[in-house]
Each structure stands twice: as C-alpha cells, then as structure tokens.
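Sharing a structure here in structure tokens format.
Order as written gives the chain letters A, B and C; numbering starts at 1 within each chain.
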Amino acid sequence: MTAPAVEQAAPPALVEVPAVASLAVRALVAGRRRRFGVLGASTHAVWLDGGHDVLVLSTRDATRLPNSVELPFDADRALMASIPPGDTMQVGGGFVTGGPLTVRVVRWWDPRLVLAPVAPGVLERRLNGLPGEVPGIDSEPLACAIRARCPTGVLDAATELLGLGDGLTPEADDMVAGTLAGTRCLGHALGMRRSVAALDAVAPVLMATAMARTTTFSAALLRHALRGEVAAPAAAFLRALAGRGDVVAAHTQLRKVGHSSGRALAAGIVLAGRTLIATA
Amino acid sequence: MIARVEVQPGRYHDSVRLMQASKVLQELPGIADALVAMGTELNLSLLADMGFDADAAAGAGPNDLLLAVRAENDQVMEAARLALEAALSAKPVASGGLDGPEPRTVGSVAARSDANVALLSMPGEHVFVEAMDALDAGLHVMIFSDNVPLEQEIALKAAASNRGLLVMGPDCGTAIVGGVGLGFANAMQPGPVGIVGASGTGIQELCCLLDDADVGVTHALGTGSRDLSESVGAVSTLQALSALDTHPPTELIVVISKPPAASVAARVRGAAAACSTPTVVTFMGETTIEEGAAEVLMRLGVPEPAYRSWDSGGGPVRQGTIRGLFSGGTLRDEARFIAMAEVGEVGTVETADGHCFVDYGDDEYTKGRAHPMIDQTVRLDRLAAAADDATIGVILMDVVLGYGANPDPASELTPMIQRATDAGAAVVVSLCGTRGDPQGRDEQAAALNGAGASVWLSNAAAAREAVRVFAATNGGTT
Amino acid sequence: MSDLDQLLDTEASVAAVGTEMLAAAIDQQGAAVHRADWQPPTPGTAAALARLAAGGSTAEANSTALTRMLAVRPQLTDVSTAIEVIPGMTERTFLHAGPPLEWERASGPTRGALIGALIYEGLAADPSEAEAIAAAGEIELSPCHHHSAVGPMAGVTSASMPVAVVEDAAGDGVAYSTLNEGLGKVLRYGAFAAEVIERLRWMQEVLGPVLGAALRSRGPIGLQSLIAQALQMGDDGHNRNRAVTSLFLREIGGALVDGADAPVTDRKAVFEFIDGNDHFMLNLVMAAGKLGSDAAAGVAASSLVTVMARNGTDFGVRLSGTGDAWFTAPAPPVDGLYLGAFTEDDASPDIGDSTITETVGLGGFAMAAAPAIVGFVGGTAAGAVRRTLAMYEITLGEHPAYQIPMLEFRGTPVGIDAALVVRTGIRPQINTGVAGKVPGTGMVGAGLVEAPMECFTEGITALAERLE
C-alpha cells in the first residue's frame, strides 16, 4: 500500500534584503565567502561569529555598532529571531545569507570618527559634571597609565579589567572600550600624538589578551574601539565633545544604550577626556 | 398588502442600529413601509402617522422594541423577519488596524516620521508650497522638479538660510547625503571628498571618475541649475561650502558648476579661498570634469588612474559627421567643449548638416515623458535614425547608471548599437557609473561593447575618442 | 551646531514626495524613506496657495489663531432671555443658522422654524399669517453667528426664548445658544405644531428660569472638562451627547434641589426634561465652541477656519484672516439613515450651526471617541477612526483637553486650515441630524456630510488677495 502523495510546502521565497554595512567589516562582507556561526538571534539582531571577527545583523532601530550590517525597518523580524544559535550563515561577496535570509549590502558607512580640533580647556568645560567612573570598577590604574603614556601600564591595567561584569559585553569591557576609543579620538582632537601612539603600541597584545579573557563579541568591539570606531551614540557623544552637537543631550542618549553598556562607554570616554587633559 | 405590528419587550438596541435595520427592511422588495424603533412616545406617534394599528403597540415603553412592517404578502413578511433578525444580531466586522490615510503633505510626513530631508518631485508649479512646508517643519529640501518660478527659488532659499536649512534645487538632479543617493545618484563609498554641485550629471561624472580611482565622498550636495545665477546669487552653494568646510571628515571640497555669472563666480572663488579645508573649484567650460577630478586626486595624493575603457576592436568606419545623443546636459557640454577644439563648430540642436550634440534631457524632449536616463524611447529613435543616416560617421552617446536611472539601459540600446555598427558607424559610449551601481557597471559596459561600441568611463575620454575616430576616417579636420 | 551640520553628521532620512520612482530608489539603498500620497491641490488654487506661502506670515498667524481658539475656558454662567442678553436682538429680530439668508431663499426647515417662532412670539396667529409677515420683510433675519450666538438645525432664535450664557473664564468672550428641545417634532427641525409651541412656552416659563436660578446659586459650570470627560465616555460632542448630558445633570442636580425658588413639580419637570433628552447638552457644547471660534477670529493672514455653518440653502465658511466675509456654496444633501418611512426625498439639504463642533475638534473630528455613533456613517468602528485620523491631515493641531482613548489619548484634530483642505482635497467630515424639507415636518434622520470644497477655495483665494 502506498501513501497518497503529499504536496510539499513550497520553501519560503528568498527575498533579498538591501543592507547598509560598516566599512570596518567590508573586508569580511565583500571578501571571499566564509561561514560564520550564529552566536544568538533576536528580533533586532543576529550575532555572527567568524572565529576572530564578529558581525551583527541588526535592524535600523537597533544601536548601530562599528561591526553592524544594518537591515531596513521592514526587515522580517520574526525570521531573524527564528535563526537558531549554532546555525551557520555565509558571509562574503557582498552578501550575508543563511536559511531563508539573504542580505545584500548595497551601501557602506564609515565608522571612523574624525573630530574637529578642540582645546584642552574647552574639552574640560564640556566634560564638567559628567561621571567618569562606573561603580565597582577601579579604573584608576588605567587612567594612570594613559597619563604616564606608558604602553605596558595601559596593557596591564586594561587586562585587569577585561571580562569583569555580566552580559554579552561585560561592563568593564565597555568602560575600557570607551577609554580606548576616547583616548584615540579625543587625543587626535587635542593634538596629543604621543598618547595615541601609546595605544598603537599596545594594540596587538591587548587584542590577543582580550580574545582569551572575554567574550568573542566583546573582544571584537574592543578591537574596533582601539581604532576609534564606536557605536553611533558614542560617536555622537565624542562629536559633541569636539563641538558638534549638544553634549548633555548626546551623553543622555548614550547612557540609554543597552542595559549598562551605554553608561560604561560614556564613563570610559569621560575618563579618557579627563586623563588626556591632565596629561596635556 | 398586509401589515404587522409587534412589540418585543425589553429588547434594547441603540437608535443607530435600529435606523440601519429600518433601512435594510425598506430596501427589501415587496416592503411598503417599515419601522424598527424603541417604543418611545415619539416612535409610537410615528407609528400612527405611518398608518399602522397603534393599538397593537399599546403599552409599549421606551425599553421595548417596536416592529412595524407593511408587506405585499406573507412570504415577504417572513423574509422581512429574517432580514431584521440578521440585521439586529449582525456581528460587527473585525475592526482591523487603526491606520489613517497616507500623509498627503510634506508637513504631514514630517510630523509622522524622523525625516530630515524632503525630496520633492511634483510638478514645478506646486513645489513652492510643499517646500515651505518642509522648511517650516525643519527639513532640508532637495527639489528634483524643474519649472519652479525663479522668484520662488529666491524666496525659498532666503527662508531656508534664515533657518539654517539647505535648499538643493530646484532642478537638482543629484545629491548624496550621508551615503544616501537622492534623485539620480551613483553608489559611492564613503571617503574624504565633499562635493558641491550645481549640475546633476556633473556631480555624477565626478563621482564616477573618483570611484574609479577608489576615492569616496562624504556628501555630494546639489544646489540646482540656477543657484550660481546673478539673481539667486549662489545662496545654496555658499551654505553647502561653509557646512562642508567645518565638517571634520571632509578633507577636500570640490565645487562643480557650469560657468556662473562673473560676479557670482568671484564670490564663490572668494569663499572657496577662505575655506580652511582645501577646495577645488571646477567651472566647466574653463576646465573639464576630468581635469577637475585630476586636481582632486592630485591634492589627495592619489595617482590618476587610466580610467576604464572597453575598446571596440576598431573595424572600418564610414565617413561622416559626429552625432552626439546625450541624456546629461553637462556631459553634452563637456564633450562639445572638447570636440569643438578639434573639429570646429558643433551644434546643440538636431540638424542635417555638420556635427551636433543634442541633450535629450532638455525640456523640449521630456514633455509628457520621463527623463531619458529612465525612458530611452526618444534616444532609441534617434539612435536608429543615426544608424541609418549615411552622413553620420560617429555616434557619441552617454549612458548614465546609478539609483533612479533605467535599471538596464544596455539591453535596450544594444540592438540599435548593433544596427549602427553593422552599418559601419562608430558608436562611442560615455558610461557614467560606479562599481557599486545597481545596474552593474561592468556588465553594462560589456553588453554595450559586445554590440560594437567602444565604452569609456571618462566622458572626456569618450569625446576625444569620437574626435579621433572622426579624424581618422575623414582624413583630418573639417 | 546648525541644522545643516546635523544633516552632515547623521544619515539622511528622506520624506520623498512626488515621483514614486525616486522614493523606490532610496528603498533600494536600504535607507529610510517616508512617502506621502501627494495630490495636486484643488484646481484653481495653486497661485493663491503659493501667494500665501510666499507671504511668510500665514504659519505664524495660524499658530496665533489656534492658540487663541484653544485658550478659551468656556463656562455656563446663566440662563437668560434672548432679548435681554444677545447683542443686537430686538422683538422683530429672528436669528437663524448659517450664513445670511432671505425668506425667499430660505429652506423648508428654516421657514417652518420661523413660522413657529412668529406664532410663539405672538406676532402671528397661524402659519399663513406668519408666512405673510415673513414674506413681507416685516421681520429682521440675521445669522446667529453675527450675534455671538449659535443655533442647531434651523437655529431660529427669537426675543422671548431662554438662552444659555457661556462665558470665557480665561478672557472676556461671551457666547449664547438656545436650549435644546429634544428630538422629533421640534422647532429647530422646522416643526411648528401646537405641541412645539407649547413646549417652547414651558421652556420659557419653567426650564429657563429654573436653570438660571440653579446656576446663579451654585456658580458657573466649566464646560471644557465636562466635554473632555464625555469624549472618554463615548460622546463625540455633536450627535452623541448622552454622556455629557448625564455629567451636566450631576453638576446641576444639587442646585436643582435647593438652588431654585420654584415649585418642586417644576424642578422635577426640569430634571426629567434634561434626563429625557440625550441632546440637551448639544447647544451648550456649541456655545462653548462659538467662544473658541470668536477668539480665533480676526488674525490677519490666518487661513484657520473659524466658522462652518449651514442654513439648509447655503453652506458658509469664515476664515480668521478674512474678516466678516462668508464663503458659501449650496448646502449639500446629507448621506443619511432615515427615521420610519422617511427617505432622502424628504430631506432638507444640510442645515445648522452645529458644525461649530467640527470647527473646534469635536463631532466628525472626534468620531473615533464615539464608537456607538458610527452607524450614522454606515461603516465600522475602524471606519470612524479612519475618518478622525484623516482630519489630522487638514488641521493645525491636536486638542490638549479633548482626547481619544482609542488613539492612545491623542488630542482630537483641531483648527481646520483651509489651505490644507484645498491642498489635500480632504474635506471636513461632519455628522449631523437631517430635517424634513417640508416646513413643519421635523427630524427625518441623521447622517454624514462633507463641507463643500468651493467654500475653501473661495476663502483661500480671498485671503491671498488680502495679502497683496
């Protein structure tokens, strides 16, 4: 006896979603096709792990990160959330594909921050009253090392902090990221090349340490921070510190990001600013 | 005719529903009269006025349902009963969403969204009102439309600059704001160059050359074809220039325009010289876009590439004049400027004698149809005519790619190009496109080239090639 | 940082209006694009609209006019007699709804109401005598709106009628309206039978004096808060006034018991009369609206609609910036549901000053708050919500007090901009009662109507001419 033929349900139509990606991940996205593992997925984001590199597929209403591939508002959120962790997606050739999702990058944005020059006194005034620490995190050794322009000191102090706290990006990592990005961007704006050079000196070792001591995702964000690439609200705050935009508004916006990430990032940036001024 | 009056005690319905039920009954065939109402005094007297037996409803009160029907026969009466029950017990239709109508005005879209730029492309006579709406809502404005009266442009730009807002246009074909192309725009990667342009295709050609040198842009701000006129006085150009000058990521600024009024040119040059950011001013007619791009690249320390081209293989070409079939006015002007230096007079209107380079994007050819960058009908017709015209030796034409443009221009053009090359004419294509354009720049080039055209990324190079072929087949200059 | 700097520092979010192709091109780039369903403005208005926009003062003038409209705090202070309080009232003055009108052109319900009022005032013994007097021009006809007054349907107001006095607690405006007679065979719908006249007499002799005394003893009743509460209880302020009438009865109840020096039977009768008439508060809501309308009038260059009113013959509109001018068009037929055996053949064209409610953000503009009324327009509750939502396209603001729970307590659309009406082609939505066209008939139904576009095109043209 044969079972009656069952009509197969048609596979979901492959819709190509246009996306906008960070230039910081162009080599990954436009390069040779590779498999990335799905770290996690929600209605706002899919985190993709390429071993050393992490990409975030996110919708436009999520925070834009320096490693974001951003989908339009009307992206199929249910589809995104349905991607199981552990699955793989293909990244490369200008596409991110996996399961029913086909994302084509049609446009790039530049996450590198270029700030207008700013005088130390002006920056000090703009930083006035903003919190530069996070309760429970002793950031003084890091500040001390930046003030001393001491690469090994920066490395040791940052290493001590990495991985401290909960979450996809531990709170201390966010603070360190803020401090590193703040030192690079504000250091340029203040014309303090030696402080920036100290960062460059520790970058490779710090990255290797981060890979060992914290989550893959957080380590990736730290790598971007070292190059001065930060989440969009942190960029807006840094721009405001350099005279483009309202400092208090940008600071408030940044502190709203995530559960604690925004506050820690903001504190790190403020710490970097104050430390640089103290050195200048 | 039979009449029935009935009272259903304690059955309450709101008056609206009852009115609807009455209406349903009255519309039934065979029903002469119907009243479905609560037994209020007013309705009881209405019942009597309608000639029903009021006694049958005696004792009915405001909380009792009153039914009175006059019908042709029992059958109709029964149908009425059923219809009434259905009408009174009908479940409401699922209400669905609470969506209002689409916004109708720019002000309404602005109020409902986070928009920061309005892109207006309605007929020119209606632009002013919507543009003022946009400015009132704090939006910058790009006006794609042409035919906006000059005094309205002046008023708009004055109102905008008072508010710190930018008006790009009218007749602004191209802008790239933060990477987003508005109007006809090529896909550009982010980069250090900020462009201020009074000419849409001028901006596009510059983008196309910079992209081939792997140089990107921060922004390309259009200002509209009349911005550098005496009467408008470069309001938008000067605003855009000053904004880009203080925009930290912009390392170099290019101002690109057709030759402006002399006094305005001086003002723009003065403002450019005062910028703290290096600024290149390219007034076409004084220089070519290609020369402008070369200066930009030189200032950036980027070597000027040999702009891509796809050779035709160079078969024998019939003798005859050069016919230019353009969709971009600025591209036409640049090509004509180059050609005239070599071959003498080149006309700008269709003519049977001598060389002529025609801009089919001009008003004269776009009445009632889309721009030739989208709708190639007119150019295809002229291309066919040129193919069949033995007095024409070289056909020079532009093909503009990018967002907003025809999704696959080559597929429409290749049969006609093939016809022309088969007939012995040379077809030289100036391909204005970038690597990221949705049409696929290199695929388009390959298709055009496959039909026998030589394809040049630089419009100036295409013009030089047309002149070269002409000179080679006609034995020197005319 | 200037707005232009901000543009350069953030990604473009585009309002694309016009060619769809250009909007689609932005979609293609994965960027934010917001579309409008733009339509050319009403034919013949482009030049006037451009002139208004170029004048540069209309936006500010409209904001001023709207602020004034919303600033009034109407309170019911007294019930008096028309001749005593209404400016310009005489014994031979008969106010009517809508724009100015002569007897020759008067609609059935207006004629019916005038006949009734002449009999009521004792100036005529019977309908034929009344008609003769009116036809001979022996009475003065004048729009309510010219006398700080408003009247529903025919709106006929004569010297002896009791009128509500609504004053502005935040300013010095005063507005007047007659008291509502109930539904069915009533003067305002053009009925003039003996029972109609009799009820008017009772209103003059009992209702007015008792209410007036009660009000004077308890003090003024703030109307805005009552209307605001009623919107959250399913009223729209025009054709559904059940909640606001109940709220009013709660306010006045105590003073009816002990504040009026009248026989208890009279006080009971007043209570029952109000209780039995779900539309009792309509006239008071209208007077409250008239206060706002008058406050918004007279702002030069403003295209805000201060008055929409009809008299069964003409539909009239006034704008804040065009002084006393009326812009009229033939009153349109109402798309209605009819009582009993009445049909649209029995209906008079649109009539009444009650559109003052729509002018101030109620009625058709608040229908989303009144799901129970939606059958009037023959649609669904969602349809009513859409009608209200559509009105946001032609209004200048949202009412701070009148809120719609279903729209997450968004304020009702308020402040009709005649320029937006002609730009969008969206006409103000009105819900209304329908009067019988034959004098003496009374109410025949209710329904929905849209204000005629000509009123707004004429208004905008005239306003633009004033700016020259």
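Convention: contacts are C-beta pairs under 8 Å (C-beta built on N, C-alpha and C of every residue); 3 or more make two chains touch, one makes a residue touch a chain.
Keep in mind the model is a prediction, meaning the values are calculated, not measured.
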Averaging each chain's C-alpha atoms to get its centre, pick out the one most distant from chain C. A
Chain closest to the middle [Cα centroid of all protein chains]: B
How many angstrom lie between the centres of chain A and chain B, each centre taken as the mean Cα position? 36
Would you kindly tell me how far, in whole Å, the mean C-alpha position of chain C lies from that of chain A? 57
So, what's the distance in Å between the C-alpha centres of chain C and chain B? 42
Among all residues of chain B, which ones touch two or more of the remaining chains? 178-180, 187, 246, 438
Can you pull out the residues of chain A that are in contact with at least two other chains? 20, 106-107, 109, 244
For chain C, give me the residues that contact two or more of the other chains. 5-6, 9, 11, 28-29, 31-32
Residue set of chain B touching chain C in the complex reads 14, 16-17, 19-20, 22-23, 26, 33-35, 37, 42-43, 46, 49-50, 92-93, 95-106, 108-110, 112-123, 125-126, 128-130, 132-134, 136, 138-140, 144-145, 152, 155, 159, 163-166, 177-183, 185, 187, 218-219, 239-240, 243-244, 246-247, 250, 370, 374, 403-404, 438
Given the complex, residues on chain C that touch chain A span 1, 5-6, 9, 11, 27-32
Sort out for me which residues of chain A touch chain B in the complex. 20, 23, 106-110, 112, 114-116, 242, 244
For the complex, give me every residue of chain A touching chain C. 17-20, 60, 70-73, 106-107, 109, 236, 239, 243-246
For the complex, give me every residue of chain B touching chain A. 178-180, 187, 189-191, 246, 248-249, 436, 438
